[in-house]
Amino acid sequence: MLHTVNKSPFGNDTLETCIRFAVPGDPILLIEDGVYAVQAGNRFASMIETILKKNPLYALQPDLSARGISVISSGVTTVDYEGFVELVEQHQVNSWL
Amino acid sequence: MDSVQDIKIKKIMHVLRHAPHGTIYTYEGLEMILIMATYDQDISVVFIGDGVYSLKKGQETSSIGIKGFARTFSALDGYDVEKLYVDQLSLEERGLTKDDLVVDVEVLSSENIGMLMKEQDVIIQH
Amino acid sequence: MNIGILLKEGPYNHQASDTAYNFAEAAIRRGHTIDAIFLYNDGVLNVSKLMDPPQDDRNISTRWTAFSEKYGVKIYACVVASKRRSINEDVLIEGGVITGLGTFTDIATRNDRLVTFGD
Amino acid sequence: MNIGILLKEGPYNHQASDTAYNFAEAAIRRGHTIDAIFLYNDGVLNVSKLMDPPQDDRNISTRWTAFSEKYGVKIYACVVASKRRSINEDVLIEGGVITGLGTFTDIATRNDRLVTFGD
Amino acid sequence: MLHTVNKSPFGNDTLETCIRFAVPGDPILLIEDGVYAVQAGNRFASMIETILKKNPLYALQPDLSARGISVISSGVTTVDYEGFVELVEQHQVNSWL
Amino acid sequence: MDSVQDIKIKKIMHVLRHAPHGTIYTYEGLEMILIMATYDQDISVVFIGDGVYSLKKGQETSSIGIKGFARTFSALDGYDVEKLYVDQLSLEERGLTKDDLVVDVEVLSSENIGMLMKEQDVIIQH
C-alpha cells in the first residue's frame, strides 16, 4: 500500500495520522505542501528519522523545487512524476487528504 | 471465464476523517457510499480522527440551516453496508465511547485498521 | 496498467487539479492507460468552459479538454455534486461528461488502480 | 454600526457561507447595517445562478439574492477571482456585482467592522 | 480584539496559533468545527483551562448543537449568532482561517 | 470636517499563514495587497506559520506548471508597503533565518506581533 500525504505537518495532523495506520514497509510519498515535512533542519527532523525506521519515505521533487526546498533529511528518496507513477505500479494507493 | 472476471467483487474502503458540517466531505462521502452500496462490492467504512464526530448522537442542525445526516448512517445497514469500523484512539482522544454513537460499530486499534487497509483493492478518502 | 483518477478539489484554489494532471501525463508517458478522470466535491468545478484566468496563467479547463482529446479520456463530473456547484451541460467543456456515481463505481472497480487527489 | 463581510469559500463545500449568512441576519436583527458582502477566493462561487442543489436542501445563491433584495445589500465578487472560477455577468444572480479589489478596499476602510468567513 | 477560530484543534493548529498571538484579555470565539475544542472530556480540556486564565472563551451554541456537543468545559460561555454580533460590537475582529 | 474624515488613514494588516502553491490563499492574498497598496492606507503584512515559506528563496515552480510569485514580494517595497513582519518562532521551527528569505523583513516575537494586531483597524487573514 502506497500512502500519499499532501499537507504540511506544521498546520495539519495528516502525516501523523498516516504513519499511525501505515503497515511497516509501506512506502509513504509526500506531495504538494506535504514535502515541507522533509525540509532539513525543521522541527520534524527527528520524527522523519523515526518514520524511516519503519517506512520508506519519498518526496516529489517538482514540489520540493517549487517550494525552494533544496536540502532534505537524509534517507528520503526524491522522485519525479514518473517516479510517482512507478510507486503506483507497485502498490495500491491510499491518498490521505 | 470472462463472466467470472466480470463479477469479481472488490474490497472497497471508505475513510471518513473530517468532522461533519464544517466541510461537506463526510456528507458527500456518505452519498457516495449509499450509491456504491447498491452495487455488489465488499464495502467497509472507517471513521478516523474527527470523522468519529460524524456519528455523535444528538446532532441538531436546524439552527445553522444545514441538513443533518447522522441518522443516515443507521440506514447503511439496510444497504448491506455492515462493516463500520471506528479507530479506538480517535474515540479516546475525544472522550467518547460506542454509546455516544448513532450506530453500532466495531472499535479497532490503529494497527488492525492498518492491516484492513492493506487488504483493500480500493481506498477512498473523503 | 489501467488507472482511474478521482479529483476532489476545484481548479486554482488547490494544487490537486495540477497534480492530477501532471500525474496523468506521466502515467501515459510510462505506457499506462488513464481510464477516466472522475470529479467529485468541488472537483466538478474543473469542467466549466466559462473559466477565464489571467493570460499568463494556465487555463485548467482547456487543459483538460486538450488532455481528453489527445488521449481519448473522458472527464466525468458527478451530477449531484455538479448541480450543487452550478455546473450543467450548458457550461460543460468538450471532453466533460456529467454522470452519476454508478460511473464512478465502475471506474473504481474495473481498473488496476484508483489514485485520489484533493485537499 | 456599519459592518462589512468578507467571504472566502464557496457554497456547500465549507460552512463559511452559511455562517456569514447567519451572522449577517443576526447583525441586522440587532439594528446594524450590513454595508456589503465581498466575495474572494472560492467565495465568488456563491453568486452563480446556475446553482441547483437537491430540493430538500437550502439554495445558497437564491438565499443571497433574497438577502440582497430584502436589505438592499450588494454581494460583490472580485473580478479576477471570478474569472479564474468561471463566474461572469451571464451567470450572475440578482444582487450580485462583479467588481475590482478597489471596492473591497472601500468596504474594509469605510466600515466600523470587517468580519471574515472562510476556511 | 475578538479572535474567531473555525477549525477543530485535533486536525489543525489554528487554535494553538491564535492563542499564541492573542493579547491577555482578548476574547476568543469558537465557531463551526472550532467548537470541538471545548467538548468536555476531550484531550484539549487542560489546554482550555490554560487559555481561560488569560482569555475569555466563547463557543457558538448553534454550532455546538449541530454537532451534538451538549457538555462543554466549565468557564466557557455559549453565545448564539446575536451574541456573536454583540462581541463584534465591542471589538475589532481577527478571523483566524 | 468631512474631508478630514474622508482621508482618515486606516491601519490594515494582512496575515499570510499558508504555504505557497498547495493552496491559492497566499497568492490571491498578495494580489489583494498589491491593489490595496495603491490606496493611501497604513498597510502591514505579517508572515506566520507556513506563511513564512512563501518568502523562501529559490522557488522554481516550472515543473509543477504553476506561476511562481515569491519575487513579487520584493515589489511591495515599490508600492510603499514596507512593514513586513515575520514571526520568529515560525522561522525557528522551520530552521530558517532572514537570509533564507527573498525580501528584507523585520523578525518579531509572537507577543510583539500580537500587540501590533491589537492596534489595527482591520485584519485580513488569507
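Here the chain labels run A, B, C, D, E and F in written order, and each chain numbers its own residues starting at 1.
Simple rule for what comes next: contacts are C-beta pairs under 8 Å (C-beta built on N, C-alpha and C of every residue); 3 or more make two chains touch, one makes a residue touch a chain.
Note that the coordinates shown come from a computational prediction; the quantities given were computed from them, not determined experimentally.
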{"item": "Minimal step count in the chain contact network, chain C to chain F", "value": "1"}
{"item": "For chain A placed onto chain E, the superposition rotation in degrees, Cα atoms, nearest 5", "value": "180"}
{"item": "Type of chain C:chain D copy interface by residue overlap (half), same or different", "value": "same"}
{"item": "Most distant chain from chain C by Cα centroid", "value": "E"}
{"item": "Most distant chain from chain F, judged by the mean position of its C-alpha atoms", "value": "B"}
{"item": "Whole-Å separation of chain centres (CA-atom averages), chain A against chain F", "value": "28"}
{"item": "Between chain F and chain B, distance of the C-alpha-averaged centres to the nearest whole Å", "value": "40"}
{"item": "Length of the line joining the C-alpha centres of chain D and chain E, rounded to whole Å", "value": "24"}
{"item": "Where chain E touches two or more other chains at once, by residue number", "value": "6, 10-11, 13, 32-33, 62, 80, 92-93, 95, 97"}
{"item": "Residues within chain D bordering two or more other chains", "value": "8, 12-13, 15, 19, 22, 41, 57, 80, 114, 116, 118-119"}
{"item": "Where chain B touches two or more other chains, by residue", "value": "17, 21-25, 49, 64, 66, 121-123, 125"}
{"item": "Contact graph of the chains (line, ring, star, complete, other)", "value": "other"}
{"item": "Those chain pairs that satisfy the touch definition", "value": "A-B, A-C, A-E, A-F, B-C, B-D, B-E, C-D, C-F, D-E, D-F, E-F"}
{"item": "Parts of chain A lying in touch with chain E, wherever the complex brings them together", "value": "10-14"}
{"item": "Footprint of chain B on chain E - complex, ascending", "value": "6-8, 10-11, 32-33, 36, 39-43, 61-63, 65-70, 80"}
{"item": "Parts of chain B lying in touch with chain A, wherever the complex brings them together", "value": "15, 17, 25, 48-49, 89, 110, 113-115, 117-118, 120-123, 125-126"}
{"item": "Residue numbers on chain C that touch chain B, as the complex places them", "value": "6, 8, 40-41, 80-81, 100-102, 104-105, 108-109, 114, 116, 118"}
{"item": "Contacting residues of chain E [partner chain F, same complex]", "value": "1, 13, 17, 20-23, 26, 92-97"}
